[in-house]
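Letters A, B and C mark the chains in the order given here, with residues in each chain numbered from 1 onward.
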Amino acid sequence: MTLTPEIIALLTLDVIFLGLGTLALILSLRIAYRWDYAAVTPLQYRLTKQSTLVAVIIKYIFVLKLPLFLFFIYTCDKLSAVITGAMCASGVVNSIGFGLDLTLFKLFNLYGFGFWLLLHAEDASHVRLAYTRLKLILFALLCVPLFTEIILEIGFFTRLDVSKIVSCCGTLFSAASSSASLSLLFNVDARVWVGIFYLVYTVSLIALWLKSTAGVIVSNTLFLIFALISLIVFFSTYVYELPTHRCPFCLLQKEYYYVGYGLYVMLFTGTFCAVGGGLLASITHTIPYRYWRLSGFFNTAYVVSISAYPLAYYLKNGVWL
Amino acid sequence: MIVVSNVSKMFTQAEECVQALSHVSLHVAQGECVLLKGASGSGKSTLLSLIAGLAQPTSGSIVVDGEEISKMPERLSAKMRRERIGFIFQKFHLIPYLSVQENVTTPLVPENIPLHVIEAKAKRAMERCRIAHKAHMYVHRLSGGEQQRTAIARALVRNPMIVLADEPTANLDRKLSLSLIEELRALKHEGVTLVVATHDPLFFDLDFVDQTIELHHGVLRP
Amino acid sequence: MLFSFRWLLLEYAVRSLFRRFGKNFFIFFILSFLIFILSSVLMIAESIKAELNATLKTLPDMTLQRFVAGKQTLIPVSRVDALLEIQGVGSVTPRIWGYYYFKPAGVNFSVVGLDAYEEPYSATMARLIKDVDWTQRSPSPTMIVGEGVKTILRENYYNDFFNFITPEGQTKKVGIAGVFHSDLALEANDLIVLPKQTAYEIFGMNASDATDIVLKVSANVSEIPTIVAKIIEKFPDLRVVTRDDIRVSYQNIFDYKSGFFLALFCVCAFAFFIIVYDKSNALSSEEKKEIGILKALGWDTDTVLQEKFFESFILSLGAFLFGLATALFYVYALQAPLLRAIFTGYSTLKPPFALPYTLSGSMIVLLFLLSVPVYIAATLIPAWRTSIVDADEVLR
């Protein structure tokens, strides 16, 4: 167990989230069970007030989770200087078996709670608060990944062993990776992944144009997945200008001008607006033009900026990596 | 403008059910001035807060300007209050340690309006109530009359269609009470719907009052 | 929009904070104080660690000490050749050094013997003597001293030379050839470097012995444990201290001390947040009235909540900035009097040194995360309780 001040800060906030989250969960289950908008009983009156507390707690958690996600990556990055063998956050994240799962859970929760806030905003401006029960049930469901994440994080930092020697990203993200699913990625030709990436992007644009809710949701989910795969397998090598250096984390380091933060923000915002707006549309039966316009903008910005790396490399050197 | 139909309101106070209003019905047309009479505890204030959407009736419905405020979620009823209803309270209830202008702009705060619009609106309301020259004075340093005009300016800042006054002359001397009545008269002439809850005899024989309603233990007396 | 910024509300929150000046000032003061203490301790720890790491970098890979009957004794220089035979060993240097107690001032000087033709065993040592004309030969031996030594000697009227007293009771006169000007105050302050021959005379040692032996490893760093095992096999009376051992032992001292401090701090902070919770939970009738007025004027619960949030945020951010600024001044300008004593474990080992400036962006983020969100969490439920006050209170 390593108690650096960074870890203490993350753990303190985790405990707060756990406490407030439990309170919100209990309240929301009770409200969801007893909710009756038409009633004018004191109970319903109390429930209405309590539902604002639930919303406040969730907003608090989400608003902090957003920068904390970056801080988590940053802390891992910093720890990589201490842990032998790790060169960036990926080594630290993977030094514990469930490290990668933890990162994915964090990402999923950001999407989940982001969507919850969209639904909440929709509910609060509805004349009859029609989505209150739905949003509270959704929160209760989201509590499962939220608590899993928090418990995983506490487990992660208490088990993190600084003296253990870990692998660096060079071996983790290669065909020799110990993880079967990861090594599979590298055994397939990178051009296939890149092709799928551009294909899915085109499909997502068409879906936006056709205003097909299901199409937008599915294509953007796929876009997110293949964007990450093609980033690891193909595009990252051009950022590092090294054919063997494939890593989704080193992008975030100073050597590469923290470009990863910008790229990830574009990618995550773009896909979030599409999927979140789409899910919202399927509930409220209206087309969320604003979210989808944003999504189209950010996704395109991501595709343009990530494509610029290999293109610039080719124009400069006349060869592909 | 205001339609109150068959409204009852119960409170639970110390394990006991108190019937604050029972089966009250009322109709106020646009531009009318209605006087709510009754001893304290007769349910006048409760009725006002129900009309303003600050509380919900136990049964019955209240429609204000075509919208059923009694069934609205809080956020929308608040918006309605901001946009269409002005309030003048007992003892004015200005917020201490804020300037006149800050008090007047309080109803505009929740909305995301550009600053210059807010200032223009505040200025207009203050000029109308002849308090603009004291705009940056703290309200607790003002005289009673100035406080009164500030309170009215605050009620009028959004150009409401309805002004609700709750015992506006309680704790005021005769001179101030009379000037308040003149302010109300001016509002009435501008076409604002007025509902005044009071038990001050000064109000009883005013020429601009269209309807007088008396409440007795939560029941309407014709 | 999910969140649109309301400047007027912010202004209202500021006014509201000042309106309840007494209560808020008390909270602001305590919170700033807590943040000040926390930042100071973290900054001192970080600073000493930076100083320590700089020192550690200059240490040799391994130091060999000989133990007889559980006490450290001298090592025969003849062992050097045997050590060089071990694979992976780069260079082996016998060292002659020790402490010389200077009675009139009551201080210990670190005396190191070094020969001009010999390669200095550490990078710092090489840098220290780089600027000094070491080859300059005068009839009597000369030495180079740290600034601290120079000052103490001057106070005792030794300006150009110093008389060492050997164990036999004779005086040994050594001229002062130069002074180190090093930024590494920690290492060089109490240091005296003089020729090996002179050092042997001052300590009354036999020239065939050395105080200890330092060793550089030419192989991979990960081979160090193997080399250590080989050395111990060959010379069971030697104890090997690697650079890592030293680092770990210092680290443990720090972690223990900062852990102890953090535990104490957590108790204080917890008590404080209970007070905050309690204070903001108890609504005065004045506050209830104000909320009632606001609601009647068209504020909804969310607006009131946001106003309360702004209040907590401004208060805690202000306290954070104030605490941080004071801590910066206290630690780096005043050199942290009193609090530095927590870490005396290190400073008593070495003469006084200045805390180097090490504030990083991550430290600021860290302190922010440990103060502002935690404070807001403590006021979250009280703020909600305030915001749900019934508006019709004012109408009754």
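Keep in mind that, in the parts below, a residue touches a chain if its C-beta (ideal position, glycine included) is under 8 Å from a C-beta of that chain, and two chains touch if they have at least 3 such contacts.
Please read these numbers as outputs of a predicted model, since none were measured by experiment.
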Quiz item: Once you count every C-beta pair in contact for both, which comes out on top, A-C or A-B?
Solution: A-C
Self-check item: Distance-maximising chain from chain A - centres being C-alpha averages
Solution: B
Exercise. Please report how many Å separate the Cα centroid of chain B from that of chain C, as a whole number.
Key: 65
Self-check item: Intercentroid distance (Cα basis), chain C paired with chain A, Å
Solution: 37
Quiz prompt | Geometric centre distance via CA averages, chain B-chain A, whole Å | solution = 50
Quiz item: Residue numbers in chain B touching 2 or more other chains?
Solution: 74-75
Quiz item: Using the touch rule from the top of the page, what residues of chain A touch 2 or more other chains?
Solution: 124
Exercise. Check each residue of chain C and list the ones that touch at least two other chains.
Key: 301-302
Quiz item: Once bound in the complex, which stretches of chain A touch chain B?
Solution: 40, 42, 45, 48, 124-129
Self-check item: Contact set on chain C toward chain B in their complex
Solution: 4-9, 11-12, 15, 18-19, 289-290, 293-303, 390-392, 394-396
Self-check item: Residue numbers on chain B that touch chain A, as the complex places them
Solution: 12, 56-59, 71-76
Quiz item: Residues of chain A touching chain C in their complex?
Solution: 3, 5-6, 8-10, 12-13, 16, 20, 49, 52-53, 56-57, 60, 64, 68, 71, 74, 78, 117-118, 121, 124
Exercise. Using the touch definition up top, name the residues of chain C that touch chain A in the complex.
Key: 2, 42, 255, 259, 262, 301-302, 305, 362, 365-366, 369-370, 373-374, 376-377, 380-381, 383-384, 387-388
